[in-house]
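The following pair of complexes shares a single chain, subunit A, combined with subunit B in the former and subunit C in the latter.
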Partner chain A sequence: MTTVSTWRWPTPSGWLPLPLVGGVLVLICALWLTAPMVEVDFVRLIGSLGKMTAFAGQMFVAPDWNYVPQLLAKMLETIEMTILGTAIAIVLSLPMGILAARNATPHIVVYRVTRDALSLMRALPELVWALVFVSAVGLGPLPGVMALAFVTVGFMGKFFAESIEVVDQKAVEGVRAHGAGWLQVRLFAMLPQALPDFVGTVMYILDHNLRAAAILGLVGAGGIGYDLVMSMRLFQYDRLLLIALAIYLVVTLLDRASDRLRSRIIHGRQA
Partner chain B sequence: MSIHDLRPVRSQDLPPKPHNPVPVWVMATLAALWLILWDLEISFEALAYGVEDMGEYFSRYGQPDFSNLSRYLELMGITLATALWGTVFALLVAFFLAPLAARNFTPNPQAYRIAREILNFMRAMPDLLLALIFVAALGLGPLPGALALGVHTAGFLGKFFAESLERVDKGVCEGVASTGANFPQMIMYAGWPSILREAMGYVLYILDRNVRMASVLGLVGAGGIGLALHDTLRLFDYGQSAALILVILATILIIDYASAWLRGRLG
Partner chain C sequence: MSSISVRGVVKRFPNGFEALKGIEAEIQPGSFTVVLGPSGAGKSTLLRLMNGLESPTRGEVRIGDEIVDTHKLRQIRSKVAMVFQQFNLVDRLSVVTNVLTGRLAQRSWVGSVFYLFRKEDMGIVQEALARVGLTDKAWNRADKLSGGQQQRVGIARALAQQPKAILADEPVASLDPVSSEEIMALLREICDRDGITVVVNLHQVELARRFADRIIGMNSGKIVFDGRPEQMTQSVLRTIYQREGIEDDNSLDMALAYA
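On to the complex of A and B.
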């Protein structure tokens, strides 16, 4: 049995904390055993440093300004896919979240089934689903949006369910005492309490989906990803630089915005 | 007598009418979504027609072909190893950068700003983009994949750690500082021990995430099971694709349960 004290150091006995040392040793063994699988070769790694700097040097070319209009259009498409995928996922996750919350589910069997369905949906990354959906409905943003929405429901449904599970039971009882029905209790007692958590979750998911949408084009599912891969394959570094910069900018902006919004929700208005 | 004279005398004294902005927001959101739908040229008709095709399409995955199972398991092993190396790499980077990026531990504000920016940058670069770059520089294989995962998740892990460090109890920091501890000693005796449990949770989460991502890194030539899946999908070999998807799915579910169990024991 590991108690709290053995997890800390310095330990009362003055010895190194055993669980920690054991864990690190196991980790080192695992790394050593898997090194050949990953083809870790430090000689090669150091040898390729020159190649890497040369590659990085190639990135610093005069940007291809003629490409900017297309870049903006593609970035807009990426952002639109993100928003649409997230919006569809929100609509689908709300009922899923209620079904998957222990205190809101109509029956324990429904709870288990929904939980498992959600964990299946989020098991595979967007890119795998995009690959499958592209084969099913053809190229374009549609399979990308479908893949984003599908995986996101898996995450968002789980997060929603978890925030519904921690709502204050008193408000639920109060609403129930007024003779509220099954749906009314969920709509007027549980959802309003879980709403701030929901907003935080949505911001996090939006962030995640933007990163995902930026690479979905890799498999032909719309967005900037296709241009990204093509400029890489065709060695068009003047475009690659602009694309990488654009992705970095948009992701950073959203990251900052969501950080600000989240801390405002958590710490109240003035923060 | 004009219409204005009909106004109640004390209307200015009344409290402002409560306004409910929700309908406006909902309408604006719906309008924006409609615009997006129109701009992306997504038609529901096509989707409706597509649904029939999709039913037929998914039925092709009905018979998973497990004849190459040992090969798949080996590929999955490589994928897991890639994720592990990536996570350890991220852990190492975050271990050194996070204390600098925590407001209450950082030795000087300049280091704080630089560490934050580095972490932000690493986080902003999508891991597949990094994998593309590393594959171009290092050649094909799992190593560029592990590096890409490492760089990207180091940004996340560093941020999580820094935020945890900033929440460390002030009394603990002062206690250690009053013994004359320098920066590394502060980190080792006040910082990490206080957030060990939380940090483990984050590392497990990142490992979990990296396994998912490692299984698709193969798409850009970074080895592992993703490459095999890509190839079989390209060849319309639905039996093998289904088997590969099932192997990935099973592994991720196992990891999911294992990390939930570990987290439950830690917390």
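On to the complex of A and C.
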């Protein structure tokens, strides 16, 4: 009795809104009923715990140190592909982002068309685009870079556009009122405000692209991926361990660097 | 130096609200005009029409001999600078870059793509910053400055444009009394020394009395007073600030008692 009168939600009636409660209940029921379709089966999951630990145990073997030089070369190639693909994508995404932002686009039709083009570009994963480009330009890192850049424009253009859409309109009006032209308003009032968001997006995408680049080798598009898959197929866990560690290390370092860069851009140089 | 004439201007917003109901005003070149009126009287809309940030539903606004219309906005705006209540600076850019945006109207987009300006632009900007007393803050980020300083950057940006007229939309509404005084004095000095026409929207009756050559009083979209500061008596103030449907307005009496 006392608990009922002490606790309440910040709604007029003190209770949770009915649509919210109903919605969550319906969602839980739907998930419960559909889980078997994707073979989510707790009995089976617990049953295979043994196999999982056995696999994990096999990973802990003495690393194959002779493999290190090749590993370094392949990791370097992977990182180069990542950076190059992302850099190309940034150059293409900036104009695409402006065209795809509701408050910056020259015309609503341009906005629609750009949005659709961007969603087409990111509709398929990097691996599928890599297959397409491998058939177009042959094996090697080049189709990998192309695939990365292509999908990245799809994501980055959309994220850039969304950062531009939330910029403060007051500054835009301030620059516009002083007679700045169409492009000048976008360059001097919108882009500086969207910059911290841009940097966040780029750092996230670099992280994502590194992991994507790490498997592109699977279809012959360069990078560490080919070695990764082969060592798995051939049960060369002494190599697999090193590859996994190398990828983990690079992703972690990238994450540290991105934190530094972000806080510097958001708070300015000295603070 | 440029006259501003407002002829038969009606402004109706898409939601049906009529902000201006037939405004006639002739603002002399090189004069200092203050527009007074309650919130929602249409003061901001009137100022924004003079800069082409809004376009009139009926009637016309002229700067000098030129009609403000959508086809030559850039040309009009290059002569008419605007100062805002919330400063409307680009927070993340340096003070210098913000003031340089006042030069954009004179520069083509080609250099702007690379954030390039001419050397003489920099000279103009430094002069403008010296006038508002912010030379030492030139390379700070705009959002690191206090409110009063940010508004001075706003005025420097207006000066950098070398305008014929400056429109200030409640420039001191977010500032403390001392900063307000500084900003008003600065605007007055710009008007006197450079002969730039200044139009200021204000809420402070006392500031209006001290700084204006001429006061225009507005209420619900109409001009209800137009004259010299000394002609603005208590009864005139009552007409300016009266509220529709309220006969015995205690708040009005109290507010004007010390005005």
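In the analysis below, the second predicted complex is superposed on the first by the 202 of 271 C-alpha atoms of A that agree within 3 Å, B and C clash if a C-alpha of one lies under 4 Å from a C-alpha of the other, contacts with A are read in each partner's own complex, and residues count from 1 in each chain.
One rule holds in what follows: contacts are C-beta pairs under 8 Å (C-beta built on N, C-alpha and C of every residue); 3 or more make two chains touch, one makes a residue touch a chain.
Note that this is a predicted model, so its numbers are computed, not measured.
Peer 1: Between subunit B (first) and subunit C (second), which does A:13 come into contact with in this model arrangement: first, second, both, or neither?
Peer 2: neither
Peer 1: Identify the partner contact of A:214: answer first if only subunit B is touched, second if only subunit C is, both if each is, neither if none is.
Peer 2: first
Peer 1: Taking the superposition as given, does A:252 touch the first partner, subunit B, the second, subunit C, both, or neither?
Peer 2: Touch partner of A:252: subunit B, not subunit C.
Peer 1: Which partner does A:263 contact after superposing on A: first (subunit B), second (subunit C), both, neither?
Peer 2: Neither partner.
Peer 1: Figure out whether A:84 sits in contact with subunit B (first) or subunit C (second), or with both, or with neither.
Peer 2: So A:84 only meets subunit B here.
Peer 1: By residue count, is subunit A touched more by subunit B or by subunit C?
Peer 2: B
Peer 1: Flag every residue of subunit C that touches subunit A in the complex, lowest number first.
Peer 2: 51, 53, 73-78, 81-82, 84, 86-93, 97, 101-102, 104-105, 107-109, 112-113, 115, 141, 144, 154, 157-158, 161
Peer 1: Which of the residues in subunit A come into contact with subunit C in the complex?
Peer 2: 168, 170-171, 173-184, 187-189, 192-193, 195-196, 268
Peer 1: Per the contact definition, I'd like the list of subunit B residues that touch subunit A in the complex.
Peer 2: Touching subunit A: residues 29, 32-33, 36-37, 39-42, 46-47, 50, 53-54, 57-58, 77-78, 80-82, 84-85, 88, 120-121, 123-126, 128-129, 132-133, 136-139, 141-143, 146, 189, 193, 196-197, 212-213, 215-216, 219-220, 223, 226, 229-230, 233, 245, 248-249, 252-253, 256 of subunit B.
Peer 1: Across the complex, what residues on subunit A touch subunit B?
Peer 2: The contact residues of subunit A facing subunit B are 7-10, 20, 27, 30-31, 34-35, 37-41, 44-45, 48, 51-52, 55, 76-77, 80-81, 83-84, 87, 119-120, 123-125, 127-128, 131-132, 135-137, 140-142, 145, 211, 214-215, 218-219, 222, 225, 228-229, 232, 244, 247-248, 251-252, 255.
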